[in-house]
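You will see subunit A twice below: alongside subunit B first, and alongside subunit C after that.
Up next, the complex of A and B:
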């Protein structure tokens, strides 16, 4: 009988809706391209936690990784801190510079964070938030990869991994040669 | 050690739930009661273990155990102890524990109440309930473990989302989850009915109170969510058609439809298929809601964590939908109606129409919610669907429902005679029309407002006509006035509980209409001493003060508010600066009133306190929405009173 088979259309009809929802996994709402990529990186000068001036200009001609973080940024900043330190040590001899900018933080908490991870690359507090505004930082952590000519070439949102760091930096190093 | 213990408890509870679900099903098929008893013990074990795990997580919060990632993410040393307890459901993993705990609790109550009175259905009910519990436990065991450790251990936690530091956020999730999980019970009974082929009225009679309770908690959750949005978020509204709000609203709509359509099945043995379909839909929509809020598939202001959990939820949702629809198709013949629709002018058809409108509203909301996804999938274009779409399409449906709310309870079953119609509706319709004229004459020019208010009067009149007539009948039998009215409410508690719930909805409808039609707002940038006027009130900017308020820095403004009738008073809208937040959070200052609320939001300001921008709102009739919630609560309590034996 025809009607007998038709009723099985009921469960079948649910399939396209479920498929549409599954498609949703492929969509990333945070994936908004930064208009800064390809533009010259805005210069800044801050005072590092070590008490020395930390400026982007001083490293012109080198590949620079600028990382925005905060001590309250759990867990992403805690995950990426060792990654940054490890890669900074691996790449520093090849002329790569890593600069950490601590935003919306209390100096004591920021200092504790640096001690906890024994960070050796320069880190500075951004007391007025000007640098993070210039770079359009939406949330921490965000990391900008700047080429030897001082242009922002890539932006990474979320914790940096070894793979991301090495891919971006290797690419910019290769270009610089 | 504590976190490992908690994680272990969750895994063991998950295994027990799976075991219980299986043996209960086998017990149901073979009729071996020993297996059923074993499943009951398993359910008890699940409840005990989940309770244990939940207490351990609370303990970790109270002791600031930042080695637990969830604790570090959702509290810091400045979080007061009560928010450390409620931080339990401040984010995903802890909400899951609460959810699983509620399902386990409901399972226990089902065992206590129904192990003898639902013999045939019972094993399948238990299987379904434990299956649902098992799913949540698996999610906590694999993609979203609440007790996950974090290394290195941070010295201080990130802190609870400041917007959640509010009493509304203590109660809103609890009520909402009680509603969501509550629908597991009617769903489990529907599965039992399909599995055993006993699709008659039994499962419906047994689940009536369950459905009302679940529906009530869902309503309460929605209302408290609106209240939170109103007094915390600082945009002056209570509902924004955000995907996450829609996710909770859809099961409410289908649940409401179900509450009405079951009455037709009880009376006329019709709509068996429809009722089971509605329960499946309602339960699936509660899962869909959770999927939506937790998977990050659709962009929403309620951003939660994203990740593998979405895949788990979608898989479970698919399993539930496909299996229950397949069961439905399998039992197709048994679900045929025994009664027939006799006339279009009858209570059956009023209820049917009510259901059609509610389901149409559900589909509209569903479509609007997933449309951005559809658009991106089909055309590759990012779009968002906003309030105008939802308002335009659903408001006419809601007006229709309002009208039916007056018609349904009084029109006769089967076929309404002219006499029935005249007796019940002549006066209410007349009163409704007159009130429309009065409202118009009073200067209300919005068609929508006139229509809604007149319909409200009409429905209230139908309730009054019914109540007065029934009281009179009792007076004629020699009862006193108060005993007669009280006796009516208690003896016919279902009917009058329903009426009271309707009145609650009406009060809410008036609040929504009034606030949409008559609220006023303006924004002004004021120098110190300057004032802005709105709706007869003068708001004078008296200055700014700043102080450290523990876990945040507070900038508070002072406004002197005066009008002709009231003594001058001060209002202090503020901005809170939390270190862990990107932007400051507005702290609304408001004065609630029966007819109008004063509502101030501080905007930008000069650091020296010389100037500030303020948003001033005079919101009309918003309080009615919350009052409606109280009426709804009373009505629900009346409706679920135990049945009294009718006097002989």
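Up next, the complex of A and C:
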């Protein structure tokens, strides 16, 4: 008699586990919120592939798009390179800067990538990985949208599309006015 | 109950508490202590201490640099948490909601032991009942025993 009365316990005990599983499957495990959004962007100075200093500080007052990429990042970095170049050309005269940071890469391979897509915005190798760690980068490509006051306002994981670039940059440009 | 105690002893003795840490490419024990608590961001469930990836190498270099500059282990971990969030720590910190992660397995084991004890007691009780019932059963009478013996003999001759 007592045993029968406890039978309902088993399925009931499984309920919280099932609820947790259901929640876990709905969440994108790659979508890890960055604690950096809303905080000031860490300053950095690297030497660009063109041999010039490439620093974030030099562009204070402009909306800066910092893109982390690598030549071995196939296909996402190859998909977004033309998008970045196209939008950089479209926005460069409106107070927007695009900076590319090549991480965990060989200089020759990085240079070849830049030539392949005829990138005209500054790109630099991050030889020690310091910049990528400062930006909490865990994979490529990742793109940070920094407002005119130097705050990280958005982080995009994966290839940047025209829609993403324009939405984020337009928002920050509108604020700066 | 003594059997239960014995089982518990065996289970506890089998815990890997005395297992050696795996050999690594990190020579400095303090560097290992910090790096082994950090998640290698490009790996699946590997620590920065254990991963041979370039990203992990760069993160180890950063840990080394910070320790040399005089940071405590906790400060170095906090530096990475500030950049990556708590996700970078392989073990969640023992605070707030995280206690669920630490407590749930212990609660589950405790519950399991209780259920195990109840089931074992029920089984032994049932067996005791059966033995007791067998003891009170009337003995087979001699005439029947003789008949069984004869029939078995006949079976054997065939």
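Convention: the second predicted complex is superposed on the first by the 151 of 177 C-alpha atoms of A that agree within 3 Å, B and C clash if a C-alpha of one lies under 4 Å from a C-alpha of the other, contacts with A are read in each partner's own complex, and residues count from 1 in each chain.
Everything below uses one rule, namely that contacts are C-beta pairs under 8 Å (C-beta built on N, C-alpha and C of every residue); 3 or more make two chains touch, one makes a residue touch a chain.
Note that the structure is predicted; figures quoted are calculated from it, not measured.
Engineer: Check the residue A:36 against both partner chains and state whether it touches subunit B (first), subunit C (second), both, or neither.
Structural biologist: second
Engineer: Go through the superposed model and pick first if A:78 touches only subunit B, second if only subunit C, both, or neither.
Structural biologist: first
Engineer: Go through the superposed model and pick first if A:11 touches only subunit B, second if only subunit C, both, or neither.
Structural biologist: In the superposition, A:11 touches subunit B alone.
Engineer: With the two complexes superposed on chain A, say which partner A:134 touches: subunit B (first), subunit C (second), both, or neither.
Structural biologist: second
Engineer: Of the two partners subunit B and subunit C, which one touches more residues belonging to subunit A?
Structural biologist: Comparing subunit B with subunit C, the partner touching more subunit A residues is B.
Engineer: Please report the subunit A residues shared by its interface with subunit B and its interface with subunit C.
Structural biologist: After superposing on chain A, subunit A residues 104, 138-139 contact both subunit B and subunit C.
Engineer: Given the complex with subunit B, which residues does subunit A contribute to the contact?
Structural biologist: Touching subunit B: residues 4, 7-8, 10-11, 14, 17-18, 20-25, 27, 29, 70-75, 78, 104-106, 109, 112, 116-117, 138-139 of subunit A.
Engineer: Any idea which subunit A residues touch subunit C in the complex?
Structural biologist: Subunit A reaches subunit C through residues 32-36, 104, 128-130, 132-139.
Engineer: Which of the residues in subunit B come into contact with subunit A in the complex?
Structural biologist: Residues 69, 72-73, 76, 150, 152, 154-159, 291, 295-299, 310-311, 314, 317-318, 321-322, 325-326, 328-329, 332, 370, 373-374, 376-377, 579-582 of subunit B touch subunit A in their complex.
Engineer: In their complex, what parts of subunit C are in touch with subunit A?
Structural biologist: Its residues touching subunit A are 41-42, 54-55, 58-59, 61-62, 80-85, 87.
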